[in-house]
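The structure is given below, and queries will be raised subsequently.
Per-chain numbering from 1; labels A, B, C and D assigned in written order.
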Amino acid sequence: MINVGIIGATGYVGIEIARILSAHPGFKITSAVSQSFAGKRISDVYPALNGILDLELESLSIEKICANTDFFITALPHGVSGKIIPELARRGKRIIDHSADFRYRNTGIYEKWYKAKHQMPELNELAVYGLPELYREKIKSARITANPGCYPTASILGIAPLLAEKVISTEGIIVDAASGISGAGRKTDLPYQYCEASENFKAYGIAVHRHTSEIEQEMSLLAGKEILVSFTPHLLPMKRGLLATIYAGLEGRYSTGKLLDLYKTFYRDEFFVRILKEGMFPETRYTSGSNFIDIGLAVDERLNRVVIISSIDNLGKGAASQAVQCLNIMNGLPENAGIERAGMFI
Amino acid sequence: MINVGIIGATGYVGIEIARILSAHPGFKITSAVSQSFAGKRISDVYPALNGILDLELESLSIEKICANTDFFITALPHGVSGKIIPELARRGKRIIDHSADFRYRNTGIYEKWYKAKHQMPELNELAVYGLPELYREKIKSARITANPGCYPTASILGIAPLLAEKVISTEGIIVDAASGISGAGRKTDLPYQYCEASENFKAYGIAVHRHTSEIEQEMSLLAGKEILVSFTPHLLPMKRGLLATIYAGLEGRYSTGKLLDLYKTFYRDEFFVRILKEGMFPETRYTSGSNFIDIGLAVDERLNRVVIISSIDNLGKGAASQAVQCLNIMNGLPENAGIERAGMFI
Amino acid sequence: MINVGIIGATGYVGIEIARILSAHPGFKITSAVSQSFAGKRISDVYPALNGILDLELESLSIEKICANTDFFITALPHGVSGKIIPELARRGKRIIDHSADFRYRNTGIYEKWYKAKHQMPELNELAVYGLPELYREKIKSARITANPGCYPTASILGIAPLLAEKVISTEGIIVDAASGISGAGRKTDLPYQYCEASENFKAYGIAVHRHTSEIEQEMSLLAGKEILVSFTPHLLPMKRGLLATIYAGLEGRYSTGKLLDLYKTFYRDEFFVRILKEGMFPETRYTSGSNFIDIGLAVDERLNRVVIISSIDNLGKGAASQAVQCLNIMNGLPENAGIERAGMFI
Amino acid sequence: MINVGIIGATGYVGIEIARILSAHPGFKITSAVSQSFAGKRISDVYPALNGILDLELESLSIEKICANTDFFITALPHGVSGKIIPELARRGKRIIDHSADFRYRNTGIYEKWYKAKHQMPELNELAVYGLPELYREKIKSARITANPGCYPTASILGIAPLLAEKVISTEGIIVDAASGISGAGRKTDLPYQYCEASENFKAYGIAVHRHTSEIEQEMSLLAGKEILVSFTPHLLPMKRGLLATIYAGLEGRYSTGKLLDLYKTFYRDEFFVRILKEGMFPETRYTSGSNFIDIGLAVDERLNRVVIISSIDNLGKGAASQAVQCLNIMNGLPENAGIERAGMFI
């Protein structure tokens, strides 16, 4: 068993990682850091874990947590990791980070969209964008893996084959997406209160959501040219699940079947990418609780456009289980160890 | 009190009309036709109406329902109205119909998208598209008012000012929309079962949904030229509410404030159209249970594009209360009589 | 139009009262007090009310709000009203209060269950328990009407005929009830967040919930002897609605039909109490958004026990619309003015 | 790997068993029988299983499914199993059945409550009631294991220690319980449609629900005397989860802590029974997706009564995973193999 520490263990991403690792054949959680709940057991905070994971939560002591552990997953609010990660890195630890800090090749773009000075530019060079389907080889030896955002995961994997194969126009790409409320984290803000969020649907971050820049970076790299994207996220009245509906104009004529073949080829070795049959489209419940991404598409021949639908669990492939996928890769374990199951679909 | 008959009174649209009319100062329901529940009281089928609307449901007898009533609202499955409406029309009755049968100026387009021969082409010429904000004058004297579809209502009103004022490109317009499950009607199909629809989000009718043609007809009329639209509806895990996110390229440079002013001017006399302040965007709960449509927008200056969000209640402005709005107009009543309230927003 | 002021206008109860009064034929809201949102319009806080109720919220100035208004509804957190109500009372204003402060005949019981000294014992003698079906005559001239709790409303009206007619044992009465989340108010506490409350059901306040004492007071008065009750509330994953399942042993043999007749007689003049037919039982959606209470029951002949089900909207008959019912009574208006409609049941 | 066949594989219980077994270290599904979907792959019906369980569904051929398999799980509508189980039994197969057919020691009680002649009285003698915490030893060698009902599982385990230790009165026991909608199975009946079941709560089967007799049988056996129970189930607006609130009078004086100790002792060797700390009570989300049953309780000293709360997943410990627990026991595997994980609690 390989030792792993989780820093920020009681947020929704942290606890989902803890839940997965508690049943993982290859890892052992050696420390679970939570400033809010230090001294309590994880199962006091999340009683579902009673008898399964009763580890005591601890406040942060770099020395203590580093003593017997070489891998850390940080699931912290943006900005907080700047004090912790350099300490871990200095001690030679390998890190999977959930903040946006290490997702950008160009820290200037990070600084512009996140309206903050990058705190660790020197570490940024050690970081790999943790999307295994695109960066598997680099992740294997990464010092720091920057776990992608949930919307970028669904968007980038949803469109990658079309950009790589240059069958769509790089102008006018639109990503219209919607996420379950757990994507906001374990917050007590009023908009996420049951009576405010139930029976409601809304867009947010219109034209300014920070994931836009992350999506654009990876789409541009795939296309080999700069791409700007119109991205609109929405908030769904449900806990988990994320669906992206992606619109692009075709360069040339393609049938739906032809494009699906192209996807199947592009992702032929990917366990976690499921390309749906023609006429079938993803629903969030099919990926809920799992690390799968489901993709379906249709060519609109009237408009010579394509509509791609991709679906993930925002806490799964969009966060926690993707981190475990990276952790498996970084440790040479089978990539789907501990995350090969279907989630609860009823 | 003006007499009104409802044909198809126990579907979700029919019963919502009945609920509204039961508290309306100007109308009296004289007959409520329901093939499935004839002989029962409305309040046996919907016990919430006990003591409020205990009218007996009747099977269809044209003679009987026409005896003392000149206005009818038909809320029937597609295709069924073809036998009933001609009989009503022949007797000089005025009708508000909820099917797609009378929504099209060109019955050929209807036939193509609905894959069926139009049953009443001669009556189609008497019909007016029942969107009061665009066709108020014609509705006043209409023999047949074709109540618009829910998605078209949100889409057309959401973009009308931009098309009328020619500030957007007529190419590449995208309508990405989502509706609550009541939009599917009172069906018992498996996909609408609680355990299948809760905690789930999906697109459907991708590139083939029939409302596309209705949206295109009205957008084309507004623009004075043919417009094709990429329209994707989604199914939300909630009962009521519909949100459209509309994407268009700008022709020329406009600020968000400038476009909002344009909307305010365009809709300055419209009680039911609420243009939100800059930075505010509609949420479905704000229009739930009401006849309002809320509209917000943002210019994405990076892309010189505009994103418009419009929200209605699919059973309200998207169906039942819009029918009552038309009924008010056809009868010379104040347009908001009986539908001026806010819905339940908590 | 009679002037009314609402103090605590932006909580869920306060805003529901505002929503009802905004469409009421007899009342005009002259002031809406909100410490949190003073200076904003009501419709800034609840955009559903845009164009319907755009009144500016104000901070509390007793002099100002009393200038032209004689009726006040206070919907404040427990304890806060102690400073405000004496000031209103001293000026001869009539008040409907939503706290527990004036619900008890014996302030000692209040002090024991609420673990606090009663702040206005001298005013308590002016107060009437605002359950119109039991105290209509006294409410007419009440200086202070203590609006009942939501659970007590459903429990007391649900069992009143059986206690009044002495057909059940006063020992071993059990009230098992469940409420929608809006009953907790507009709180941002973690347990009421969407991801914590959705897909979840739990009991709370087991053996210690304060409504127990309110239920016991009124049951005892009905029975003419002291009654102790076992009361367990539960939290439902929904916004509105409250259902009480009440268990009691029968004294003597009665059929279901016989007991239903007894209820129909007891409530024969009550517009808002609906006794369901034998074999029919209340569902919360039937009363949601309305001021009705629905009651059904079944005799379990095997056990010689009766099970009564009563259903209200916790924000309706359980709070806001019941306050308006009392306001109507206190002003000599028709008791159902402004609250006679069915709610949204789909 | 031990071979297992599932008959009735596409209902909610059947598919949950399939989902669990697909990740189980000890079993292999050799046949999945579904009359409705024979010829399709399981993952065509439940796309969440794509790539995980793509087994072809087959119509029933006793010969074929028996060829290489000795264990069968039947999850069929009541009545259907009467033709199948004798055939399996005749061939010496061991069976876990989900119907009520084999749950009764006295088939007369079955016949009375289920209003049907028992079809296999001679097989009933081979059957063991499949509640491992009470009948583990018998299950080990059972030919037929009758998987208990969901409400009985929560009720019986919730009260067993009190009955066994004779600390409560056997008169006046009340079980008030509520279940998620998946308990109704994969039905398309109107009451289970999203728009009818969402934002709704209701009681059903009042005084006549068939699980009453199953609860009474086991409570009586525990107490050593006949017990009659007042049982009222309710339907929750959620997919999964079942909570029972059980009321009983105490014989003698006990503190909450004392009774909790008694539970801890009674269940000291039970992995799947979790007794909560004093002041803590179960919530359905804590057991959702798992095979755990959580139990909390409080003594109401005013009334000298006890209130016990027990929570399970109706599809988990209430059906599918409890069947797998029995399957483990019948095969000598560790009792928690394949079902030791926590479910998705966010």
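Keep in mind that, in the parts below, contacts are C-beta pairs under 8 Å (C-beta built on N, C-alpha and C of every residue); 3 or more make two chains touch, one makes a residue touch a chain.
Since the model is a prediction, treat every value here as computed from it, not as a measurement.
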Original post:
Given the two chain pairs A-B and A-C, which is bridged by the higher number of C-beta pairs in contact?
Top reply: A-B
**OP:** Indicate whether more than half of the residue numbers at the subunit B-subunit C interface occur in both copies; give same if so and different if not.
**Re:** same
Original post:
Which whole number of Å gives the spacing of the CA centres of subunit A and subunit C?
Top reply: 46
Original post:
What whole-number Å value describes the gap between the mean CA coordinates of subunit B and subunit C?
Top reply: 36
**OP:** Determine the centre-to-centre distance between subunit A and subunit B, using the mean Cα coordinates as centres, and give it in whole Å.
**Re:** 38
**OP:** Would you mind listing the residues of subunit A that make contact with two or more other chains?
**Re:** 12, 182, 195, 198-199, 237-240, 283, 285, 288, 346
Subject >> Residues of subunit C that touch subunit B when the two form their complex >> reply: 12, 15-16, 19, 22-23, 46-53, 182, 199, 239-240, 271, 274, 276, 280, 283, 285-290, 292, 294, 315, 340-346
Subject >> In the complex with subunit B, residue positions of subunit D that touch it >> reply: 12, 181-182, 186-190, 192-195, 197-199, 237-239
Original post:
Hey, which residues of subunit D end up touching subunit C in the complex?
Top reply: 172, 174, 176, 178, 180, 195-196, 198-204, 206-207, 228, 230, 232, 234, 236-241, 243, 245, 247, 249, 281-285, 288, 298-300, 302-303, 305, 307, 309, 346
